[in-house]
Structure formats: structure tokens, C-alpha cells
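In the two complexes that follow, chain A is the common piece, with chain B as its partner first and chain C second.
Up next, the complex of A and B:
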């Protein structure tokens, strides 16, 4: 018991800065603001009164909530899947440190440094019906204007923006795998695919946990890339929760906007907590 | 516990002290001159920006301009406003619906009784005022909505510009046969696609009858056979008939101006404050605009233009609690509406809204068309006095994408109007 207390005492100072940051910049604002999700706050009057679940009812009556949740979840899954698939492939290709690989690593990392809005505007220009992509392919297709492609294309743009960062995490994970393990597997007659499936992938579990959680949670609170590319269109096909929140806010309906913000937070907690718990468990048992 | 709470108190005190000293915009001591913050639309014309400078020179006060991008102007202003931040002077929409969203009784200084109001005719009967109290100083000519058309395209196709929706349908067929996009719509900018349905409704809104009926809740947008549903249906029919550009969902309003000037499109539904954008699309060459572009009114069944008092040159004075800055801000309004107003009209080449101020000389021909159409028959936009209509543009996007039919869109928008009208405490709700 004393050992446990001592271990905790040693651990606390290192965690304290992170705990303080999260408490000040996330928990406190969240707790202070959560009441607005259940209030009649609008720009039209000064009084803010408690109105229970009226904001949620309004959003449901106006056909806004269900679609926004569906779009957000679909978008998050797409972003997570695309980013992790692309980044893991890139990491495997660029794992070895050398001049050529360093150049490519830098090239793939560059989009991470660009503002998401700027990235969105650049891609909107490239993907316009008369843009460079269609000129190159010799077709006429409104990539961001067709319901069939808009959400997937925006998810790809998000992946292009962030894959460099996710790739670096995977490369770090790959380089932390002991060479002796891979050599033993080779000696035992394992081919490249078997080595990846049986040794590399299980050993990448911590990197996978981080990357899956970060990409999924990040995409659940998506706004900037969508705003810069489609603005939520065509129709409401890319109208994620934060896009609707901004629209409600812009019309002076601050209560319903807060309810949407609260929904995003609930969605993030409901997804991230079980996901990280499951992935961490997999790290131990896998 | 006491020590940490004292520390926390000291920290909060320090933060407050810093923020108070940082945002005071206080005057240089002893001069009586102050620094005023003005939130203004980034589309303010050069002539208006010059007026701000002239006021600085004449009064000795300084103006810190905070530019709000015209794309997303309402959203951005509302967002800044909602944080509790207040400029000394706010340039914003003069429509009652825009004004209600600022909660004027609580946040704005009343300007009733100022000299310019008596010189403005009945302008403040329909704009800038709530419950008989005037809050705005409107210096800009109203935004006049109608159809810009390419004169050469119509001449070559042997057609005349339409003034009713039936004529628009007929012209659409003729122009398509001539290989021209009949009407260029910019769904990528979202807001322009609500203009055509609003134009349609001018027929039903003479004397603002329809707008008043919706605002007072004696009619609803979704009533069976309502003019609003008819307007959306007329729009959907034009779309089904292929009258719009193929890239309607992604095109921006700058694209529409370019298509119009180059003759790729025959018509664009827009308002008169878009003239600078039109000029930019013509490479800054006024001659090209004058030769190629005309303007006409259009409604469901009559040649009417629709007008709405716009944000450009409409000023409000938020309550700031600082007597020196409040006095200087009022001086600004008196400057803009006083003798300097004639200079502004001459420089900006727009039409005056104050009596006894001579009209401008050397007005471009397209603006003369606008004035002619306005003088012939103008109806205020039906949504000017209705709060909660901000969702119309989003619903139009869904209508264009085929996700909503006109009736369903009308029902949904009525819900938003109800939400806003109840919050604003309008009579009848």
C-alpha cells in the first residue's frame, strides 16, 4: 500500500502540467458552458432561462440533428480509415532513415504546416469542375458538388492535410520494434507478409492506439476543412455538427448552437473512452 | 484553503486589470479626442473609407477600422457581438430582421430625434427602427435586387430581358437554344441562391403586405398555396428545365459576375451593391460593363425590383458606457448625415437617401438602369422584417440538391421564424 502511494507521489508531478492544462482549458470551460445547451439563449433578448431539452427538440423538429450526427460519424470513420491506411503504408515505405526518405518524409509532412482553411481553399480550386484535377483527367465532375463524392473527397483532403503527422508516429513505432524479433521471425521462415501480420502490426499497437484515437476524435470535431471546401453542401451532405453549430450561432440561436457543441463533446467522450480502453487492452493482450 | 483562494483572487484581479487597461481605447490625455472602433464591412467602397478619414481629420478623433469579411458578414458580426464585444460604431444591416438580432433595446443607443431622420422620408418606417424607435443611421441607397443581363447576348438571341417568371421561363428556352447559360446561380457562395425566390415574391409583397402577414403570424410560409411555396416551386421548375449553370452547387458569386460580363451567361440575379464586383470581373474597365450589362426588375407577374436597406453605410451606435467615446460616435453619425453627406454622394456616385442632397454626376449606365427600375416600381424584400429568415439560403442548397421539396423547405423555415419571433417577443407569437 505504501509502495503504491509512493509510486503515485512520484508520478503526480509529471502529470500535473497536463492535468492543469486540461482542467483549465477543457474541463472548466466545458462545465461553465454546459448549462447554455439547456437554455433559451438567443441574440434577440438579454434573458437566458433554463429550457430543459427544448433546444434538442427544436433541432430534431428542424431536421438538423439526425443528419448532422450521421454526417459527423461517417466523416470521422472515413477520415480515420483513410489517414491510418495511407499513413501506415507511407511509414512502411519511408521507415529507413536515408537522404531520399528524409526528403519524402518532409514533403509528406509539409501539408501539416498549412492552415486547414488554406488547404481547403487550395483543394476547392483544384477540384472545381473547371479545375486542374478535371483538366488532367479530361473529365467534368463536380467533386465537391456531387452528393456521391463530396464527403469522401473532403475526408481525403483532411487525410492529405494530416497524414504526414500520423506517418511520423507510425515510423517512430516501427523503429522501436527490436530488430532481433524480426530476424528471429525471418530465421523461422516467416515471409514479409507474415512478419508484418504476426510481428510488426502487433508491436505497433501503442502507435495504432494513438493514431486511431487522434484521427477519430479530431474528425468528430471537424469544421475548418469542410467550411473551406463545401460549406456543408451539396444540400446538407457534408453538414457536420460543428457546421450546423456555426450556422445556428450566426443566426443568433446561441442555445441550439450550444446544444450542438454539447452533442459533439458527448460524441467524442462516448467514442474516445471505450475506443482507447479497448485499444489499450489490445496492447496488453495482443 | 484560504491561501490558494487569495492567490486565485489576485490572479483574476490581475487579469481583469490587464484586460480593462487593454481594451479601454482611452483618449490621449487632455485632448478630448478619443479612439473609436468601427466594425465595417470589407466591401465598403473607397468613397466610404475616405469619409472615415475625413471624419478623423475634421474631428481629431481616430477610427480603428475592424474589417468584417463580406462573405459570411452576418455570421462573423454575430459571433463577435455574442462574445459581448462592442464597437463604438457598428456598420450592419438596416433590415428589421437584422436589427432584432442585435437586441437593440438592450444594446444600442436610440437615435430618434436626430436631424437626419426628418430628412429621410419614410425610410425608417420600414428599416432601422423597432417599435417606433430609430437605432440606425442609413446613408447608403438601398440594395436593389433584380436581374443583371448581358445586352449583347439578348440582342444576338433576338430576345428581350424578362420581367416576369413566365417570361423568364420562355427566355430560358430561347437562350439555351442559342447555346448560352440562361441564368448563372452561385450555390458555392450559398447566399445568392435565395435571391430569385425573393424576387418572385415581390409580386405578392406590394406595401410589404406578405412580409407583415408572416411577421405578425396571420399567415405562415407553409400555408397551402402560399406565395413562398409558389416562389420555391418556380425556382425548382427553372432548375428542372435546365435554366441554370451546371456548376450551380460549387460556383462562387465572382464566377457569376465573370460569366455575365463575358457573355457565357445571359442573366444573374443580384443586387446593386455588386457593381464593384461586376467592374472587377470586367478587369476594372467601366466601358466593358456599360456596353455589356443592363439591369431590370423581375417578380412573379409584374416588372418590379426588390429593395432592402443594405449594410453598406448603415451605422449603429452600441452602448459602451464611455461618455467621451459615445459623444464622439454620435459626432460621427452627425458628420456622415450632415454637410459632408453631399461629398460622399458625389464621390461614391450612388444615390442619396437624404432630401435636398443633389444626385451624383457621371453615374455608370448600369446604375442608371438600377435607379430607373427602382423609380418605376420597387417593393421591399418580403423577409426584411421577419426574424429567423437566415436559414433560407441553407434550405435553398437542399432544394437545389433535391433533398427538400418546396413545401417541406417552407415548413422548416417557418419553424426557424417561429423560434426567432418568440425569442424576440414579437406580437402575435
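Up next, the complex of A and C:
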């Protein structure tokens, strides 16, 4: 066995299948995307040639890029905010493991099992002008058809779908806080709010880092819920990057579609790197 | 306030919240999938005045190509989940134990593959070049390559936290490496593989985005894809009764699995295997 840990080559076969799959089906497309984003490639001309920033220029000329970036970023922020507010509240209420709490945890986990597509159809039904939400509120409002609410509602549906899972991650985080720390804070005279702000919240940093990063990054790739509800409308108010990408792809403009996909990647990098760095630093200083 | 009173207040608030959050959405789907088209178009929450259960579900099974979709979903989900868990565990063992710089570099790239969005359009191009486009195999390989990073990442930390003494002892007793992997590593990694597996099953079963680009033709369509095609096909006058029947049937398999394994899923996800 000694020679087993020493013989480095001997470990390679165990990692190789995973490495090859990631290299071929993740890394290679990633690198190809950098080329395609700056290439002319359409269904009308199969030859792929460099064209510099032409794709970006085309997208700007058609007024597609700036709007898509704005919509995508707003969507991600809304989705992250709603999801984490709801999930953290639920986690605080359901932290202790008991029979009643398990029933509630189980119920609130249910939306996570529903596909984002199905979630889109369900809420499109609930929020229809003559639907259940409006008849309860006694108003008539096209939640998904009005520019004022469409984006918020679509982000809400996405948040609704994932909140169950994020709640459980927060519960795991809450339960990893040493009891003694809370007890000594109580002995020192800290009230519930002070305990939350001074002990629970800083100790929750790893779960918070994870959840904020995951929800933001995930929402930047938004597509499914929008496809099931607004299709990008009204006008272009919910036309996120991936929605435009799919449209460009459908029309045979593969180069511009790649450029849009690459924009999502850039947004993810621009979001994730400082976020993880900042949240990690906060974790240390508490 | 007395603790018991506060407790009661909390559960009252939670129940009040659960009504619009969980109960009404589920009820809307179920009850409207039992109504004839005209009645379901009102999108009300009342019981059906006329029941149309057999008609609606008959149409979904037939025109909605539900059974084909179910088989296709199983045909891709099972291999993806099995491959990701097994290959991920094997790679995590190597990454956790080897000090080779090359392997550590590969581990770093796998970490990036979790964070960065997959590049779907070049993937279509690549699959076409490999003559794997449109079919299940290309989809399975792509999904495995894009998802294996999560399991590798979760499990490698787990492997590192354990000293290799047990593996050494087994090797001295004459166990081969595959034997050590099956008898020691897999049981050791079970909690973390279970958590990874749960998240994987949910995301693979419900995947729409990859399927939309990579699977062509109704012969290969998975359930989300067949739901979308079905709903889009009737979009002009969205037949809510049929769409909801399809939604219910599409969600049901996962809910059934969840109900059966509920305790372990909730316990697994809350016991902090995701931490770190």
C-alpha cells in the first residue's frame, strides 16, 4: 500500500474517466465558445471565420445586448434576494428537528421537485388576469403581461422553485453553530435580535456564501421559467441573455448566439469572483 | 409571551404562509386537471362541476406522448446519475489521496466547471462533429461531463478529512484497489454521495435547457421537453386542463421517489454534507 500512495501514476486511472468527460464536454465547448463568439457562423454560411467584434456590434445595432444584460442582471438580483429572504426566514422558523417541523420542511421542499418549466405554467395559471390571485385580491392585473411586474414575477417563480433546497442548506448552517456560543451570549444578557446579529448571522457565513453565490450564478443562466411564462415579453422586458441566445440560434445566427452565451459566462465570472472573495473575507473577520 | 403561545403563533404563521406557497399551487394543478377545457379556462379553485378525468389524462397519455417521455427520461437520467456518482467518487478518491500536481490542476478545473455555465452552442457543434448530435448518448455524455464536478467537489473534501489508515490496512490484508474502493471508499462516502445524488436527480429529471438544444425529435424527447412541446402546441388557447394534467404526470415520478425516501433526503440535506 505504501507504494500505492507513492506511485503517482497509479491514481490517474481512477480520475481519468471524469477528467476526460469534463475535458471533452465542458472545457472543449468552453474554449470553442471563445472562438465562436468572435466568428461569423450562420446557417446560411457554414464556414466559420474570425470576424472580431462583429457579433457584438450586430447585437448592439439591433438593440439586443444592453437590454438582455440589464434584464439578466436584474433578474438574478431579484431572484437571489427573494430566494434568500424566504429561505432564511423559513430556516430560522424550522431550525429545530422535530415532528411538526419535519412536516413543514417536507411541505416547503415540494416546489423544489417541480421542474422550472412546470413551475412557470403553474404560476402563469395562478397569476392570470382572471386567475386565483387576482380574484383573492379583488383586482384585475396581468402580472406577466405588464412591464411593471413581469420581471419581478418571473424571478419570483424561479425563487419559489428553489427555495426549499436553499432552506435546507440554511438549516444545516444554523445547526452547525455551537450551542455553547448561543448560551454564553444569553448569559451575557444578549436578547434574541442581538444573538441573531452578533452570533447567528456571522456564523452563518459559509451557508450564506454558498447560497448567495449559487442563486446569483444560477439565475444568470435563466431560461426555463421565462420560456414557460412570457417568452421574453411583454416587449423585451423579460428577454434575458439565454432567451435572446435561443432566438438567435433558432434563426440560424450561431455566431451571435455564441456571443450571447459568452456574455453569460463573463457575467458569471464578474459576479462570482468578487462575491466569493468578499464573502470569504467577511467570514474570517466575522 | 409564554413560549407555548409563541410556538403556536409561529405555526399559525407558517401554516398561513404554506397556503399560498404550497397548497394553492398544488391544488390548482390537481383540481383543474380534472375539469373539462371550458371550466378549466376559468382557472378557479373550486371542485369540477363536470369531471373529465379520464378524457384529460387519456389525451395527455396519447397526444402528449407521456409514456414515451417517461421512458426517455428514465433512459437518460439513470445512466447520468449512475455515471456521475461512480466516476465522481472514483475521481474524488484520486484527488483526495494523490499529491500529483497534474491531478490537483485537474481538480481545480473541475471546481470551475461547477461555477461556470456550460457553453451549449459549441456543445451542439462538438456533438455534430462526433456524430452524436440529437440523440440520447450525446445528451448523457454532456450532462455527465457538466455535472460530475459537483460530486467530485463534495466528495474530495470528504476523502481528505479521513486518514488513509483503513485503506492501508485493507491493502496489507491483500485487498486489490477496486476492492478497497467498493468495500471502504463507497460506504465511507455514502452520505455525501447521497446528497449529491439527490440534487443530481432533481436537476437531471427536470432539465429542460440542455434537452432543448441537444435532443432532437419527439422520439428522444424527455418529459420536460414533451411538456413544453405539448403546451406550446396548444398555446393559442392554452388548454389548462391538459397542461396541468401533463404537469402533474411529469412531476409525479419525482414526488413518488421523494415520498418514499423523504426522511433520508431531508436528513441528508440538513446534516450539513453541503458545508465546507
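The criterion applied here is as follows: the second predicted complex is superposed on the first by the 261 of 286 C-alpha atoms of A that agree within 3 Å, B and C clash if a C-alpha of one lies under 4 Å from a C-alpha of the other, contacts with A are read in each partner's own complex, and residues count from 1 in each chain.
Operating definition for what follows: a contact is a pair of C-beta atoms (placed from the backbone, for glycine too) under 8 Å apart; a residue touches a chain by one contact, two chains touch by 3 or more.
Keep in mind it's a predicted model, so treat the numbers as computed, not measured.
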item	value
Which of chain B and chain C A:235 touches, first, second, both or neither	first
Dominant contact partner of chain A by residue count, chain C or chain B	C
Partner chain(s) touched by A:254 [first = chain B, second = chain C, both, neither]	both
Touched partner set for A:62, first chain B, second chain C, both or neither	first
Touched partner set for A:44, first chain B, second chain C, both or neither	first
Which of chain B and chain C A:191 touches, first, second, both or neither	neither
Chain B versus chain C as contact partner of A:246, first or second or both or neither	both
Which superposed partner A:142 touches (first chain B, second chain C, both, neither)	first
First, second, both or neither for A:128, with chain B first and chain C second	both
First, second, both or neither for A:105, with chain B first and chain C second	second
Shared contact residues on chain A - chain B and chain C	128, 130, 246, 249, 254
Complex interface listing, chain A residues touching chain C	1-2, 4-5, 8, 10-12, 14-15, 17-19, 21-22, 24-30, 32-33, 36, 93-94, 97, 100, 102, 104-118, 121-123, 125-126, 128, 130-132, 135, 160, 165, 168-169, 171-173, 175-176, 206-207, 210, 217, 220-221, 223-224, 227-228, 242, 245-246, 249, 254, 257-258, 261-262, 264-265, 268-269, 272
Touch list for chain C against partner chain A, complex	10-11, 13-14, 18, 21-22, 24-26, 28-29, 32, 42-45, 87-88, 90-91, 93-95, 97-100, 103, 106, 109-110, 113, 115-123, 125-126, 141-142, 144-146, 148-149, 152, 164, 167-168, 171-172, 177, 181, 199, 202, 205-206, 208-209, 212-213, 223-224, 227-228, 231, 240, 243-244, 247, 250-251, 254-255, 258, 262-263, 265-266, 269-276
Chain A contact footprint on chain B (complex, rising order)	72, 74-75, 78-79, 81-82, 100-103, 106, 187-188, 190, 246-250, 387-388, 390-391, 394, 397-398, 400-404, 412, 415-416, 419-420, 423-425
Chain A residues touching chain B - in the complex, by the definition given at the top	40, 42-46, 58, 61-63, 124, 128-130, 140, 142, 144-147, 231-237, 246-247, 249-254, 256
